[in-house]
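Just below sit the structures, each encoded as structure tokens.
Each of the next two complexes has chain A plus one more chain, namely chain B in the first and chain C in the second.
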Partner chain A sequence: MTSHPIVELRGVEKRYGNLAAVSNLNLALSAGEFFSLLGPSGCGKTTALRIIAGFQEPTSGQVLIDGNDMADMPANRRPTNMVFQSYAIFPHLDVGKNVGFGLSNSGLSKAERDMRVAEALEMVELGDLEDRKSDALSGGQRQRVALARALVMRPKVLLLDEPLSALDKNLRETMQLELRRLQQSVGITFVMVTHDQYEAMTISDRIGVMFEGRLKQVDAPATLYAQPASREIAAFIGGMNFLAADVLSSGEKGLGVNIRGFGKFHIARNPKVSKHGERIEVGIRPEQIGISTAEEKSDMGIEAVVRDIAFYGESIHYHVIATAADAPLSVAVPNHFHSRDFARGDKVSLDIKSTSIIDLGTME
Partner chain B sequence: MKVALKRIAPSLSTYAAVYLVFLYLPVLLLPLFSFNDGTIVAFPLSGFTFKWYLALSGEEALLRALLNSLFVGIASATLATSLGLLAARAFARYRFPLRHASEGLVMLPLVVPGIIVASSMLVLFLFIGLKPSLAAIILGHAFLTVPFAVSIMKSAFDEFDPSIEEAALDLGESVAGTFRRVTLPVVAPGILSSMLVCFTVSFDEFVLAFFLSGNEPTLPVYIWSQIRFPAKLPNTLALGSCLLAFSILLLVLAEIFRRRSTKRGTGK
Partner chain C sequence: MFRLRSETSRGMALSAPATLYVGFLVAAPLGILVAYSFWTQNYVSIDRTPTLSNYGFALNDPLVRHLLLKSIWIAGLCTIATVVLAYPIAYFIAMRARRKTLWLLLITIPFWTSYLLRVFSWKLILGFKGLMNSALISLGAIDQPLAFLLYNEFAVVLTLAHAWAPFAILPIYVSLQKMDRSLLEAATDLGCTGFQRFRRITLPLTFPGVIAACLIIFIPTVGDYVTPALVGGSEGKMISNLIQVQFGAANNWPLGATLSLIAMASVGLVATGFLFLANLARGTIR
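So, the complex of A and B:
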């Protein structure tokens, strides 16, 4: 890894009149990293990507790529390449000419260019389609052509704008793994924009979560999942049960809390959260809650009634009401075939461990 | 809905048939009499002949007028299509003040009466010292055909995915290079279609050409001058039939290219 970041955004801002599409964006990406910008549509993630690519000029702030200020560098001279959401395959050129498009101004000989094109097509497993017309390609093939066309330029940074959103579910999942493998084999920094949290978590080294033009949290997927910096991030990534808790004691590492109707717990302090008042909000992931029949209830068990059941195939989600707290909770259990299922109206016992309770800071 | 359609259909189709006969019967008489072996244009027909068509090749003034028309058509179509291409790209890609107003302004020649345009152009051209000539007709026809060029090119650009141009820039191509290597080839069928339509309009245009032609007439102006001589009438009918067939051919080709251009612009 180089000492300086490969991409650095310093206070980048993009305003349209009074509307800020991106505000005060600070970000440093290290070389060889797979980074995802994740957020709902309209959160400014695509604008941020286009600012790095040079298609949009920031209203203020600085973009540095490999240590160089990009202020006066137009898109066609930046060491970045982009995979567009629509793939933007040139309709009048065949696959080989699409991939070789950017090399024609490179000063390479024809033989060298042909070799690079063949190599790039091999990389995306399209070696035998070089002469294929672009209108005879499937969605997945178009995506690969777009990838090869960008990678053949050997950019310092590859930018991907929702690269998989046009593909159907099965193909998307295959391509996620393949994209990750490709990134690791070429060692180029990838910056991907996506609204799909699972996609971001599957592929990325780090994820930046954006809401309303602001970068809210940048972390590795596991950290993001275990220590979300706010309620909105916790709600956006994965499922989450939210509960109010009174703080009984506050220590260096942990907090003693009382979750009404559930009892007292000693939970870990979330380092991503800044404020802790007398009342905080805590979160529990649905798959972290144990569920058993009411007869098997342990001393710590929490009484609840099953209200709804959602079958997802690999898992089953029970929507239950905790009796004492009168609070709705979602509980996810893996589908072990033959295991005992619960029916609507069943009395059950919930098992919540202190370690699975996430501190989300002072209630807003 | 289906029932209502069934009930109305017979009367509607009769109406449509009558309408089409009324529109095209006179046009169909043109080729009919051009094969008639007699100088008087009236029924009954007196026999089948190709002689009027054969006689056309001997008319030197006619061939000259034909060449004039081809030249004016190609030049004005090229001019109008170039302007239309640039205007359409601007309308499709950029937001600027008075965009809608200027789109309307560009279409104005379609609704201004030809005689008004013709006489005011004559006055304007004489004022700036441009004598009635082929050059004057070329400018006049370019003005007249720009609306066709703009609307055809706009439909080519409507389907054009803007990220294709961004992709070319992203791959290191210059702005001019992107226009040459991506924009032009992708809208090429639209350009061809626009050229054909503009050419056809110019080729058939009479009023402007009549006002602006000096001693070099275009084909329609020449035909008009011949119509005064009854003996030349069958000749003119033969010539007219050729032009009719030629125009239809060009417009069919133009439509084929226009459809191809809308199909191809998407890049998805």
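So, the complex of A and C:
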């Protein structure tokens, strides 16, 4: 059953004149996975999604859904459904008619259609709004109607274009969890486009990171966070301190490096990057750096001075200058309420473990 | 001084131009018309004793009834013809054309000449020795000129439809233009063919534009008199031709005023009925 991917893109390219909105896109999604296409605005995510849906024809390349080539399959006959960024709720139809819209093209009996509409509305917790006019819906409700309208068709793949970006922050976070729950209960493959890294990381099984029309890395959220394939990916996902390091020794698994002003470390080789020259770039996540007072400084401690403080509520970010390296670093500590705060100008000691240093390969 | 002026008086000052305009150009003439309709013509003078005799005469006269019904019939035909022709044009401009402004400009070109000239040009096209007949004869399609092209209902409908087409195209164009394109994609996504999509999304959403177009065409064409006078012949006469005669040759202004008011009331009635039916249809079109 699951021997072949449910969606497969082979060398898909889309050009608008000289601009390549999507180039050489290769991707295989397995049935039942929640996949996110993540990238900054304008990187070609929507274009890629619309090519899968059949709204746009690729300039070259192949789209296969459930093993079938979609080249001659018009959008209205593809086993995909889409949740549009604007939701595209039909304004002249009530909620029930919106959700049942696609079923009346399906040849099902009226009774069957009604049952499936009710079921779909139940699924998105809109059971009591079937007769509601569509112009009397809140943003969150519109989003649910759009979801129900697509899910009621029981597509092989559900495509979602920034489905949560129109919602306010609290609702967005609730909906992220709900979207995930929904996807797991229906078992349909979801492909979601988003520019929000946290959103992608919260709900996806795997994330594909896109820059300028190219897919740069496809991995599970945790892998993406721990082993970004390049500096730009590392910078796009989460916070990151970048430092230059000289390679002293290079083994099968690890690298001996000297980070000037910080000392010598033995770090793990990042399997996602290919090139390791004499000089590499390394990254350290802000929350992986320990911070304590200068008096508590251990032998391994690195001297630094607090330059700026940003209070985030659940965490505090210190912007410090490492004295010996004269390098700016960002350090994030959870807000423990009773922990000692540091003030601007304080001398502090930083604690960096070699396991938390990420190898980013040869400096670009 | 100005600061002390109340909300109300400021409101009145603001609406004064509109009030004056409506008062002088709509209400006053209408009032005069109503007044005249209750008077009677005594050859050269006007008898100002209020009477309903004009109404009695007009409502019982078979010619009036015939012309009124025919005016509504011709205007109705013209409305249908115009809107049916205008819809595809508006659709093309809104959905397909690349240079929309240019197309809209082209649509208005007929308005660069006077209405009278446009009607005359149809006379030249449809006439016994007109363009159409000459063309058909020189192509060998016919031996004798066709006499039925001009001076009948058909000629009136055709000429009016041509003259009023832009007024139908624009409201339909606007309603198409403001339709969210992602709704069309959503319909396709949910399995609609092009035709189903048109019937289930485009048509219902542009229905208000179509209704507006119908009213914009129907209301003024019922009362048109230039076109029937020039291309209608005896068969194509409409109620306004009769009204015009009352104010001219027949010199019976009170009867003319009465006929005008009856025509206005009929148009209002038909338009209201039309809107009512349109509302019902709107429910079923969904």
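In this section, the second predicted complex is superposed on the first by the 363 of 364 C-alpha atoms of A that agree within 3 Å, B and C clash if a C-alpha of one lies under 4 Å from a C-alpha of the other, contacts with A are read in each partner's own complex, and residues count from 1 in each chain.
In the analysis below, a contact is a pair of C-beta atoms (placed from the backbone, for glycine too) under 8 Å apart; a residue touches a chain by one contact, two chains touch by 3 or more.
Since the structure is predicted, the reported quantities are computational estimates derived from the model, not experimental observations.
*Asks:* Once both complexes are superposed via chain A, do chain B and chain C end up clashing or fitting?
*Replies:* In the arrangement built by aligning on chain A, the partners chain C and chain B clash.
*Asks:* So, does A:97 touch the first partner chain B, the second partner chain C, both, or neither?
*Replies:* A:97 sits against chain C, while chain B stays out of touch.
*Asks:* Under the stated touch criterion, which partner chain does A:77 make contact with: chain B (first), chain C (second), both, or neither?
*Replies:* both
*Asks:* Determine, under the contact definition given at the top, whether A:198 touches first (chain B), second (chain C), both, or neither.
*Replies:* neither
*Asks:* Quick check on the superposed pair: does A:135 touch chain B, chain C, both, or neither? Answer first, second, both or neither.
*Replies:* first
*Asks:* Which partner chains sit in contact with A:242 here, chain B, chain C, both or neither? Use first/second/both/neither.
*Replies:* The answer is neither, since A:242 touches no partner chain.
*Asks:* Once the two structures are superposed, pull the chain A residues common to the chain B and chain C interfaces.
*Replies:* Touching chain B and chain C on chain A: residues 53, 55, 74-77, 80-82, 84-86, 88, 90-92, 101-102, 105-106, 149-150, 153.
*Asks:* Where on chain C does chain A make contact in their complex?
*Replies:* My answer: residues 180, 182-183, 185-193, 196, 200-201, 204-205, 286.
*Asks:* In their shared complex, at which residues does chain B touch chain A?
*Replies:* Interface residues on chain B, with respect to chain A: 161, 163-164, 166-175, 177, 181-182, 185-186, 188, 264-268.
*Asks:* Going by the contact rule set out above, which residues of chain A touch chain B in the complex?
*Replies:* 53, 55, 74-77, 80-82, 84-92, 101-102, 105-106, 134-135, 142, 149-150, 153, 166
*Asks:* If you look only at chain A, which of its residues touch chain C in the complex?
*Replies:* 53, 55, 74-77, 80-82, 84-86, 88, 90-93, 97, 101-102, 105-106, 149-150, 153
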